[in-house]
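I've put the structures underneath this note.
Here chain A shows up in two complexes: once beside chain B, once beside chain C.
After this line comes the complex of A and B, so read on.
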């Protein structure tokens, strides 16, 4: 039995910092966690150089600059188990909306001198570059899910994250269906569980900030939206949001973009 | 200059040996304990400051571009994603700008709930900075975790800080659904409003936070501050009766006093040639200072007398022009936000409806609210069906950027005789005084300033 504490690194790519902030939002657990693991690299919280290898790498953000293409490969080489945090690292995030546009369009809108701006034409997930061992979904990730995965790993078991549809959780919690009862365009039937059924419990339809569930059926749901009177461009925007590059959402959204 | 990404560490170095070159470079390849990614370089020649660079290599995410074509109703959810630390600020500036565009004004309990939500964010974001990002600079550690592991009294200090931060997050979680990227904010108000009972429970939790907030001010006041003052132009909102959050006129310590919609007439964003950067300045050319110290200096007469007394007990003479003292201004704002939250909870009456109705329409709207780090400007233009045609967002960190460089220039002569490590640390501390949020400032990539 080794008593060495596992070395953990937290790494940032193109992102809002919200998923790594989730680590610091573990107000009750943070100091205990820091006793059990060696948080060896976490630039947002620790002034320490990047050195050595990691047992667990937590990767936030999408790959969006040429430097980041090298950086993700470097981290993979240094790490035994690589976990991506959130929508950006898993599918390119909200900034991947640019992937639908010509490469020079967005820089021209935002910058007076776009020729000096260096970003890749597309916002890409880590998995486009390196093997990923586990992806935590969400924009942002759920704190409890993160802690559970870390605890599972500390106990030596294989971490698992449920991926059934959010819809099921609503039924379990006896929340009146916002789609059936109120005719609101809820993405819950095709969105993965993880948020804790936030939107329906606050009287609003799910807008899928956790991305597709296991084996979703988007076309069946969008047909329902169309029957309820939602216009094609409204349906397209629902699919092309925080997980626009997830294949199931991308293709279904493009079908409505063309119609 | 080597690419900072090639060595992602907080370190300094000298250039490869160049014989008897008088040039010396102080470089921090990657700034630690800030939100987002930046680097800084100070170039000295014969012990004179040749150049100061605050370089942001955070990837741009083009929010203003992809907001075009989205519906106004989606905007508060989308702009929240600019920043995981201050999403509420983005939601508040978005909502107010779009409500102005739609010709509605949110008042009564809904207005109060928004203020309560903002209190939650100020508490959460300020406490994060005070304890986890800034405290290690004053106490000489690499992180708050290292502080806690080193000495039991620091462990207690950090635990207190985390409890206070948790209270801020509890407010956001109740009103917003979750602490990061709340789901309950919409143009016109909320999707769902809490009952009196739910808020009362939250009020109980905040009582402990009040003690912690007072302790925080006293602790912050006990720190040693370098003598470093400058005649800044402080800029903040000012409300006729309240400490400013969502409303007020825009004022400065040099006599500016304008309606917030006049912002573009008095301030400008500009890209420095050969530099790829957006910065902000007064149209008369000057740098200005936004954030807790500016807000407090311009508005400390707007807090209850009990808090003014706590501020006086710190021994600082207000207004204060030392940016290191921003940690006290931040803790005073936390104390105010906790008291204000308790006041709102105590007087809350549930509104008839969670939101005011509005008709999507063609128009223009612009608004400023006070994000934790300072004024945050949003301007929008829509078509007749409420689709965004144009968006303009100016975050506080890009407004403070010129000021941060100014401070680096002012401190640089003191760095000349220090060891490389010590010089780099000193320069970093200057930046961390501002609590910069580089993730927010998506459109000031790669700043490079040369002053020769």
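After this line comes the complex of A and C, so read on.
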């Protein structure tokens, strides 16, 4: 590595800015991080964003408009590593729920003059357009996970992002299963870890804002939900939420949408 | 025939008022023990620090079945009127997250700093026979193999054990099949059997006897001992689940391609819950956690599971690349290759893996399915 500090850019696409806020939320670590990297482009945080090339591009949001399609290709060309932040950039996000309906339908209902709306037919992840080196999941991402990945990259080691089911971390924290002990529809068994077991530690079921775990088995879990008395539309909503375009959730959710 | 005041004889049983258990807890704390026992939290009977009698789940019980657990009020004031819950004692002896050491960069290399955190001296209150067997099984892994795990050893040595003979079996229990209960037989300082007004206390060690010294106990009569024996007998005979262990390793090894593995793979979530609640599962992984400035890193040990796909990831890929392979690995290790490895089964019949499986997969049912089909196939004369 050269002595030059790695250059980082944070870029926004179709999103709520929550993942960028998570970057800002690294309050205690942000100054240390700024010592080690050159945060050159981050509209939400710096006054004079610098263009040019980047060692690491952090990309938030889904690709939603024709301009964004151009923009993601441009950023890819100018960046050595491209890391996506969050559910939108990884799988299209909650706005990808519109992918289930014909493209014109929502603008006609929502806007007085829909002819001024120019959007792509679907809300799609960055990886549909360009190669992505690493995807951080979550709505929003987890800041510890982001920091760990950045530190690993700065040290020159391969970043490791676990993708096992949330349950493993629930149990590592001695949390009692809310599905078994309370009959709540917890998506933990098919959801990837990373959130720090946020919901179950507050006695709430996981609603899969981190998306599917590696090799999930949604049909077995949803059969259990049905057995516990949850209606098909409730089960469908659990699958078609933040990660409706993840293939395993999309297909299983469509099965419940039809029933 | 009051005996109170003196040291009770070792190897004998005495009768103690139930409320005197409070004094025992207090004395243990005073003697420097961290007393861990059953208590209610998050809608279940879990293990945590217990300082006072009223922290025990007195008058509570659990209703358990495959995939469900519910707390219920009892219509009496039983102290130990419930079965095992979601936690096992391994969380104390083999902590889920343990810092092993840290590395600090220096001018000419790095400096190793061992984890200096003091290890508590534990007293386990209310441990059941199945869980005592589970600790013995983990001892074989961590203490009696070629490599002694110093972290386990430091926690395990000197644990004070107050065991309880089970007065209730959950429908998920099958310790009688695994010959691990319900009566505690060894490895304790004191063993309690709960009667309606009192405990019959077996005194097994001098320090157990010391703990009773000064308390108003009396010698157990034949009647007391009979009543205590009846509690255990009734619990044993109420056991609803069973596992036929006859020639089990051979049965499983001969059926590694049995269609039942495909069937269970359709249901299994590979979520790791069974292995996490299992009191004998010992798999773990090691992680390095670097500081932001790259000058220091901590090495931590975390519970891991054969159901975690990454657990079998090696250069070139994953050894157990689908759920079928992972479930088969778990079950055949637990019930067959564990015996080859350690001389005992890895299953104590506590039933936790049945209750805490989110989709109610039942290890006894899976074994029975393989056995019944295998029997049928043998009868039909095909392999």
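Methods note: the second predicted complex is superposed on the first by the 256 of 259 C-alpha atoms of A that agree within 3 Å, B and C clash if a C-alpha of one lies under 4 Å from a C-alpha of the other, contacts with A are read in each partner's own complex, and residues count from 1 in each chain.
As a convention for this text, a residue touches a chain if its C-beta (ideal position, glycine included) is under 8 Å from a C-beta of that chain, and two chains touch if they have at least 3 such contacts.
It should be emphasised that the depicted structure is a prediction, and the values quoted were computed from it without experimental measurement.
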Chain B and chain C placed together on chain A: clash or fit? fit
One more residue to check, A:110. First (chain B), second (chain C), both or neither? first
- Query: Which partner does A:224 reach: the first (chain B), the second (chain C), both, or neither?
  - Reply: second
- Task: Give one of first, second, both or neither to describe whether A:171 is in contact with chain B, with chain C, with both, or with none.
- Result: second
Next item on the list: In the overlay, answer first, second, both or neither for which of chain B and chain C A:204 touches.
Entry: first
Q: Check whether A:182 is in contact with chain B, with chain C, with both or with neither, and answer first, second, both or neither.
A: second
Between chain B and chain C, more residues of chain A are touched by B
First (chain B), second (chain C), both or neither: which does A:24 touch?
first
- Tell me which partner A:37 touches in the superposition: chain B (first), chain C (second), both or neither. neither
Minimum Cα separation between chain B and chain C after superposition, in Å, equals 11
Residues on chain A touched by both chain B and chain C 203
Within their complex, chain A touches chain C through residues 29, 32-33, 36, 147-148, 151-152, 154-155, 162-165, 167-168, 171-177, 179-183, 186, 188-190, 203, 214-217, 219-221, 223-224
Interface with chain A, chain B side, in the complex: residues 3, 5-11, 30, 32-37, 57-66, 68, 70-71, 74, 77-78, 81-85, 87, 128, 132-133, 136, 142-146, 148-149, 155, 158-159, 162-163, 165-166, 169, 177-181, 183-184, 186, 191-192, 271, 273-276, 278, 354, 428, 439, 442-443, 445-446
Residue positions on chain C within touch of chain A in the complex are 41-44, 46, 67-71, 86-87, 91, 96-97, 266-273, 276-277, 289-294, 302-305, 308-310, 322-323, 355-360
Seen from chain A, its contact residues with chain B in the complex are 12-22, 24-25, 27-28, 30-31, 34-35, 39, 42-51, 61, 64-65, 67-68, 70-71, 93-95, 97-98, 101, 105-107, 109-113, 116-119, 123, 139-140, 195-196, 198-199, 201-204, 207, 209, 234, 237, 241-242
